[in-house]
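Shared chain: chain A. Partners: chain B in the first complex, chain C in the second.
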Partner chain A sequence: MSQDGCLVKILVNGEPQEVGLNVSVDGLLVSLGYGGKAVAVAVNRDFVPRSSYPQTRIQEGDEIEILAPMQGG
Partner chain B sequence: MSQSELGKKELERYSRHLLIPEVGRGGQLSLKDGKVLLIGAGGLGSPAAVYLASAGVGPLGIVDFDRVEASNLHRQILHFDGDVGKKKTESARETLTQLNPHVQVITHDTRLHKENALSILGDYDVIIDGTDNFPTRYLVNDACVLLGKPNVYGSIFRFDGQASVFDPRGDGPCYRCLYPEPPPPGVVPSCAEGGVLGVLPGIIGVIQATEAIKIILGKGDTLTGRLLLYNALEMSFHELKLRKDPHCPLCGTNPTVTELIDYEGFCRIGESEEPAEAVASLTVVELKEKMEGERSFVLLDVRESHETEICQLTGSVLIPLGQLANRMDEVPRATPVIAYCKKGIRGEKAVRLLNEAGFTATNLEGGIIAWAEQIDPEMARY
Partner chain C sequence: MRVAVHRPFTIGEVELKSRLLLGTAQYPSPDVMVRAIEASRCEVITVSLRRQNAAGGGGEGFWDIIRGLGLHVLPNTAGCRTVQEAITVANMGRELFDTSWVKLELIGDDYTLQPDPIALIEATKVLAEDGFEVLPYMTEDLVVARRLVDAGCRVLMPWGAPIGSGQGILNPYALRTLRSRLPDMTLLVDAGLGRPSQAAEAMEMGFDGILLNSAVALAQDPVLMAKAFSRAIEAGRQGFEAGLIPSREMGVPSTPTLGTPFWQQQAAGKEEGS
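Presenting the complex of A and B:
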């Protein structure tokens, strides 16, 4: 949740969600229950490198894709 | 025939390639010299190998230590019904040699590990990752970055597939830029556990073969920096942009992984999620004796219902492990319980749950697969 309590609408894997304005990717993952999980995150079809999670902020209308790894071959 | 020539038969066989300006004779000669290594002759490796060999790409290397099983045949098109039990490398060589005798097939009948990976991969120009497990995926990724070789990645599960090209030659991102560390063991199911649509690897494996051919030809835009996602149910493709992580421990600016590591340890293979106390267990032979005697126990199947459609022990009660905690009241308390699953892992968890709740439960060692192998050869395995 952001300091001013303002919520923004985003899509997470195609499903509408509301999260705090300016929440980081780190914070988003924790709030969605993915904290510490080995997932990859794309914001508007662009993967965010793990080291950029803290400074990447979620904005109104962002389309988020959370992708679990796949091992099969 | 020297590597720098195409004979009459090859000119005829590859004539439709020779007619494409982007390939032509020069391109076909490049394909003939292109050394491609397939990691795994399974779901992805099969269609990739079939198309690469047909297209005259070779020498074509194949690494696999496995043998063909009946459950492979619905998707692993290198292997035929009569190949069950054969080494996959041998079965692959036979199929590919029949398909195109002009292509040299090099088999590496071994498990890829950190001691042999650099020397095996070192002989090839393009690596195709068609493996079925995380330790080998990280091993192949790391070896390709350390050797500076393009890694054509693909993976599949049920109706979903992914493909990309991790190409260190153009400073592209690697698999670790996408997934810096593996998931804990047991969290992400394999195709053996969750199933896979038979045609799915056909799509992804052929995309991998296409990318390998483009890399050898030096034509077009590869999937470098892009992750292609495919869903067969929606029949949709979409792609996400991949970025190199400057802090990637392998390909970043200050790498900490500078040689191959222990990938089983990295992926925590063999570690149990909780410190496991041994639970009471019995063998399938002991169960058979009990079943022939007076039946004074409950046989509890803790697998998923779709697994029972393949095989089940007579007289079982089905409560999937995930539902057991909420459905304990369906298990008679006065009678000992014998729990079983496919191979014994879920059964052990079920026994712990039951014993904590005051039941007297025992796990069937090796699960129903051990029963099929040792007691009932007519039972279908999966």
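Presenting the complex of A and C:
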């Protein structure tokens, strides 16, 4: 997934992770085990629509939220 | 201003038969949740979005159950404290649950979980403009309600009392005022109810519906409590539609006084004595 083998440090749901530089949101979801699952994504507190996953590239220091359906009141 | 008593209950363009909206959290098990939802005969259930481990299957299990019920889903923004957070979570919910409805929750005080009215209005403007059907969880303030209507809300959801507190309707005056000043708005009481009678009280005031969670989910028998609330809400609505009598200080006989036995003698006796 990484273009030049470099790793960048990011936060996924508040937990530190290292991923390949310029990996797409698509690629990130697959590598974290969320591929094909019912989730929605925000990068740095902004919503990223599913249609934008391929062209949205993860950068050093990005804060990613991956949210799933849950019980609520 | 008179509230139209026989109008249908709608959220946006959707007409609903049940006036109960039920939360999906805090039940002892998924099975009890499903049975409580079915017993309540509600048509709208609230859901949320949370972080979950991919290893734990994400939210797939829960989402499969919810989809299986075939009801309208109302995603919330529970836990959001800023306008930006709420807008982001609302958008994530719209994509994930494939609905433009959002229960907009923006907490301004951690102890009481009181909604932040200023942030609510700001977020509502953005979301309504973007095509969301915004159902704001709000305090009972009339002017905030007017601003939310101006911002694009077609449904308002004032609290009865703080979320999960079970205290019932703490400010009946303010809720009655909201009802009479906004006769054409769909108004739901959301949060704070503990007893079916409190739901009936809100419905007798002319509220269009009730959103509940803790009072049902945390009851000793959630399935039976769901049924109890459902019936109380129907009873309260019917009471409102039937037209309640005004309360009076004095007793007024209900049995006809004409033809009262021994009336002549009693009256004569009293007159003689006076």
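Just so we're on the same page, the second predicted complex is superposed on the first by the 70 of 73 C-alpha atoms of A that agree within 3 Å, B and C clash if a C-alpha of one lies under 4 Å from a C-alpha of the other, contacts with A are read in each partner's own complex, and residues count from 1 in each chain.
Everything that follows uses one rule, which is that contacts are C-beta pairs under 8 Å (C-beta built on N, C-alpha and C of every residue); 3 or more make two chains touch, one makes a residue touch a chain.
If you're wondering where the values come from, they're calculated on a predicted model, not measured in any experiment.
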item: Which of chain B and chain C A:Gly72 touches, first, second, both or neither; value: both
item: Partner chain in contact with A:Asn13 - chain B first, chain C second, else both or neither; value: second
item: Partner chain in contact with A:Phe47 - chain B first, chain C second, else both or neither; value: both
item: Chain touching more of chain A, residue-wise (chain B, chain C); value: C
item: A:Gly33 touches, of chain B and chain C: first, second, both or neither?; value: second
item: Residues of chain A that lie at the interface with chain B and also at the interface with chain C; value: 37-38, 40, 42, 45-47, 49-50, 65, 67-73
item: Touching residues on chain A, where the partner in the complex is chain C; value: 13-14, 32-34, 37-42, 45-47, 49-50, 65-73
item: Interfacial residue positions of chain B with respect to chain A in the complex; value: 40, 42-45, 129-134, 137, 154-157, 160, 162, 177-184, 187-188, 190-191, 194, 196, 201, 227, 229, 238-248
item: Sites on chain A touched by chain B in the complex; value: 37-38, 40, 42, 45-52, 65, 67-73
item: Chain C to chain A touching residues, read off their complex; value: 23-27, 33, 46-52, 54-55, 58-60, 62-63, 66, 75-76, 78, 84-85, 87-89, 91-93, 95-97, 163-164, 191, 213-214
